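Labels for the chains are A, B, C and D, by order of writing; each one numbers its residues from 1.
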Amino acid sequence: MSETYTASVVGGTGFTGGELLRLLADHSAFDVVQATSRSDANRTIGHVHPNLRDLDLRFSKPDDLASVDVLFAATPHGVSMDQIDAFRDAADTVVDLSADFRLPDERYYDEYYDGHSRPELLEEATYALPELNRDALPGADLIASGGCNATATMLGLYPLVEAGILEPSDRTVVDVKVGSSEGGAGGGAASSHPERSGVVRPYAPTGHRHEAEIEAYLDRSVDFTVHAVDMIRGASATCHTFPEAAAAGELETVDLWTAFRDAYGDEPFVDLVAGGGGVYRYPEPKAVAGTNRAEIGFAAEDDRVVVFAAIDNMMKGSAGQAVHAANVALGLDETAGLDQRGLHPVGAP
Amino acid sequence: MSETYTASVVGGTGFTGGELLRLLADHSAFDVVQATSRSDANRTIGHVHPNLRDLDLRFSKPDDLASVDVLFAATPHGVSMDQIDAFRDAADTVVDLSADFRLPDERYYDEYYDGHSRPELLEEATYALPELNRDALPGADLIASGGCNATATMLGLYPLVEAGILEPSDRTVVDVKVGSSEGGAGGGAASSHPERSGVVRPYAPTGHRHEAEIEAYLDRSVDFTVHAVDMIRGASATCHTFPEAAAAGELETVDLWTAFRDAYGDEPFVDLVAGGGGVYRYPEPKAVAGTNRAEIGFAAEDDRVVVFAAIDNMMKGSAGQAVHAANVALGLDETAGLDQRGLHPVGAP
Amino acid sequence: MSETYTASVVGGTGFTGGELLRLLADHSAFDVVQATSRSDANRTIGHVHPNLRDLDLRFSKPDDLASVDVLFAATPHGVSMDQIDAFRDAADTVVDLSADFRLPDERYYDEYYDGHSRPELLEEATYALPELNRDALPGADLIASGGCNATATMLGLYPLVEAGILEPSDRTVVDVKVGSSEGGAGGGAASSHPERSGVVRPYAPTGHRHEAEIEAYLDRSVDFTVHAVDMIRGASATCHTFPEAAAAGELETVDLWTAFRDAYGDEPFVDLVAGGGGVYRYPEPKAVAGTNRAEIGFAAEDDRVVVFAAIDNMMKGSAGQAVHAANVALGLDETAGLDQRGLHPVGAP
Amino acid sequence: MSETYTASVVGGTGFTGGELLRLLADHSAFDVVQATSRSDANRTIGHVHPNLRDLDLRFSKPDDLASVDVLFAATPHGVSMDQIDAFRDAADTVVDLSADFRLPDERYYDEYYDGHSRPELLEEATYALPELNRDALPGADLIASGGCNATATMLGLYPLVEAGILEPSDRTVVDVKVGSSEGGAGGGAASSHPERSGVVRPYAPTGHRHEAEIEAYLDRSVDFTVHAVDMIRGASATCHTFPEAAAAGELETVDLWTAFRDAYGDEPFVDLVAGGGGVYRYPEPKAVAGTNRAEIGFAAEDDRVVVFAAIDNMMKGSAGQAVHAANVALGLDETAGLDQRGLHPVGAP
């Protein structure tokens, strides 16, 4: 008989909070005992998330945190660093989906955010992304789930980095396309349907915060631009890389395949999709929408290797990654609660 | 040489305000001298409306209204009835796009709205829709532009009413599908892109305010339901009518054609689209997006005549109708400034 | 230990064929041993359906049918009636997703289709929709899955019919909105992305074939119109009903609630969604996309009761219904393989 | 009184053919006397293009070309080179929208296409894009309209090239996002609505033919990748450039502004959109949909200058460019027939 852990979700009305509740509701090892929401306290979860109408649970105010085994925090950036003591008092393991504990050094917060109020905890925190950081997760009690765009980018670049094909000094241009769920549930004029529909909008032409994460975990800086496009879920990173080995004519396609297979051949959530026939020849976010899967593929031309990475920003890029990391941290089956399959055909989920 | 009228737009940052500015900017008989906005005062018009970047005009606060020939008011419901004296002091002709002066009797405001503060003006006001009300418009100095869903519905039903085919007692079910621009520029959770995309959402299952307009101007009540669907511009009314003559077997298709041709044969902005081949056999809002055109068509089966009416809710259903009415009121060419042509192909404008 | 049934899917490259494969792949009681496709024979299933890349199976030509316990046929209308002997030779149970065996009487095929080549089998066939027909399914060996639009409509009307609220003579207008997957995988100009995007298109103004199904199983004729709207998955039926009891002032809201709860209180796949607060107050297809769930709700006004029904046309309206019926026919848990949960937020899946 | 030219459109059923007809129908200097179509011969133009229902013209077979002043050819690649003698016999001026006469040297056709059957004409042809090539156009009698993606890219890069900021040896990565109208009216599985909706699909990861055009007219090679995204009209080029001057710290923002203003300050169809506030801070294709306008903007960071260029692929990227070039060639007002204004709000046109 398998063990069950009690869990709570702090910030349950937001999109990633709802996604956590979706995953935990059907996860055999977790029992959600609390979901907090200041705005929707006392309402049913199904009031906000129509896909969760069968859950017999109401939001509670975040003031009285239940004592649980695992607390998942899906609050806006800045809240977790303020509330971290209360979170850790309430739970043995805290998994934070915000940026507050993602970066290993206070200097990143000074440069990319508004500083950090609890910098001494940064080295205690463990970055979540299992494909990069699996060995550090077992037993971790403060876990920081990665940023969606950084996750897509790093999953794309990691095999080339790990294989020594892409040096830190090699030029890497990352052009990201993201869906509207990244903007959160709050609304606002720019994210209203009439303004946001049909866009190809450069929303972070330069200076996106996720550059920090890539710098911290892949040890290099990249040229990073993010566009909003017309989908709800999804992040697609097109990584134009220029390995010196390619310029030198010393990089064969087989080397690339080897690098990607070495990195991901045993990974339960990564599919290599490169070339082939039919309609779906390269990674596409809509093929992985609603799932914790990442599609990774590449194409090479002259001195360039273009890597494509596609994820659901709220799953592999946030809530799914968090549950995956919790699974690893607690010694559960990695894929527990994360076996959702994608749809075909499917539009712009 | 043609005469030019000075014009102002009160409430220029909203969607219909922007649409008025688009139309007036390219209208040979109007010269826009003021556009007001409380939220964006001192900003250029192009700051809010990217299609108007070439206009050399900044929003001003609505406190000092310029003296003009024609004032167009694109303010939320309730504002015009409060400000009407100031509007009429500032302009010889006031064209109001809100509901405040649309209905001919105070009782409608009591039933469907929160009452009316200036009911004595209701009989002074002239309803705008020229296809129904052309003769009343010349010389009118307080014009009330119709509601979008009511406009689509009435344009659909009017020929059957006028021909005596559809009696007031005949059952008429109107199922309307509308785009997100009807919700205005304000935003809010339900109209955010992630929540509003891909919907078929019954947003007014019963009791929609536009029933009042139909009752007032077509002298009958209809069974009216409105759905939000995934487009930005557009209102499509499917009118399921059950003429007694049809049940009696006394209605031929040629009678229907005659009724529609009699009503609209000479109308500059109405196209009859019924049957035929190809992809576009019946009225579709996307075929008229951005234009002041209405497409009207029908199909008959047993005792039912289904009439389809498609318009751009912000044009024929609001700003275009207002300019059309102003053209008629001032004795200008009816089509002046309203000759925009639709696009093909086109998506969800 | 639970029994496992071998299964095959004839016509596996189409959308409903792919949906069947998705469901059966994760269904504990079925083992798919063959998927046929003339156009993609020898290709992997993942070549066509990117969400099924993990399946270790290739399409085979439909000429040699494997012997299986259950054969699911997802072929175009007309194929099953021609191939039915081969299907029944190959399998103990045949579940047909086409229209070929849906209707109980040859006269429907003469009126709405091009006749029927094997009319003597019509009375052997069992209609699939368990909410209407559960008791007839156990042991059935020729099962005909219902049409998507008819399914949505009948699920909406059935409670009123069953409760005796809606008489066969009461006027019932059904206005349906459907997604593009109904057009199938074949393509064609009208269903190309540039032409099909953003539409509100009356594609069956009158005379839709699914009227026959409603007449056959609800014993009444309805006034039926179908519109194409911009989504991929989904069918939404708005049923404007006019019960004589409502006109007589003898119908209370509580009577309606009682009717709907009596009909669906114990149904595992039907949710009543009527009123309440928040964004999702009435049935919406996007809330059930990818699932076998139906959302049913209603609103009443004067002599009208408007019933809203929303399903995923490929799931509850086709492949999900087929698997549900097979579960019942074989005595399995009804919900086996059909516990997919919807997403929030989600766009136009 | 202004002169009028007779015109014909060969290939009038396609999307760019329809766009030509839209422009020419409202162009004061052109009188369309023939539109050809093999598939729709004898049908009205409005049968295919619903926005042109008012045109009193039927398609004719392309076998008998009318004698006209200007023939516009909107045929698939390869047709014009075969028919060019007939075209030139029929018209004084031929404007070709295909790739057949775009490239100045046969070697490009050998490398990127299937060769060229009339290479001796390549040096007679004049490339259309007036912003790059205005001086060559007056009097030209064989004009080749540019490719959409190449047009967006070159409009973005040209100011940096012209100012000497971007050297041919400087790394330039171009990441393009395009709408579904680029695929043409033909349909096919990949461009069907269910498959094409909601995509971020790498459709030309490397080796796109438009690289040839950029090489030919900007004298450098770029790293070029094209993605399909969910819009119908529009091409957006994000050009990540790495000027050596930027790396050397010798490039100021003012230099960039100067370069862009020098290049486009007097251009009637180019808007500089860079930074500022509000929702629309950078170029977006939906802001120029239906118009011949290009929006160009940029952002700089470290050694990188990111240039954004947005056009309507069928207008500035094809039919609009062709009419613009014809206007210049014939000595007309450059903007004649091209003053369409964009819409706001607008979705995915």
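Definition applied: a residue touches a chain if its C-beta (ideal position, glycine included) is under 8 Å from a C-beta of that chain, and two chains touch if they have at least 3 such contacts.
What you see is a predicted model, and the numbers here were worked out from it, not measured in a lab.
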Please work out which of A-B and A-C is bridged by more C-beta pairs in contact, and write that pair. A-C
Using C-alpha centroids, which chain lies at the maximum separation from chain D? C
Averaging only over C-alpha atoms, locate the centres of chain A and chain C and give their separation in whole Å. 35
Between chain B and chain A, distance of the C-alpha-averaged centres to the nearest whole Å: 45
Taking each residue of chain A in turn, which ones touch at least two of the other chains? 15, 181, 185, 189, 194-195, 197-198, 231-232, 284, 345-349
Under the definition above, what is the set of chain C residues touching chain A in their complex? 15, 18, 22, 25-26, 43, 47-53, 181, 185, 231-233, 271, 273, 276-278, 280, 284, 287, 289-290, 339-349
The answer for chain B against chain C in the complex is residues 171, 173, 175, 177, 189-190, 194-195, 197-202, 205-207, 223, 225, 227, 229-231, 234, 236, 238, 240, 242, 279, 281-286, 297, 299-302, 304, 306, 308, 310, 345-349
Please output the residues of chain B touching chain A within their complex, sorted ascending. 15, 179-181, 183, 185-189, 191-198, 232, 347-348
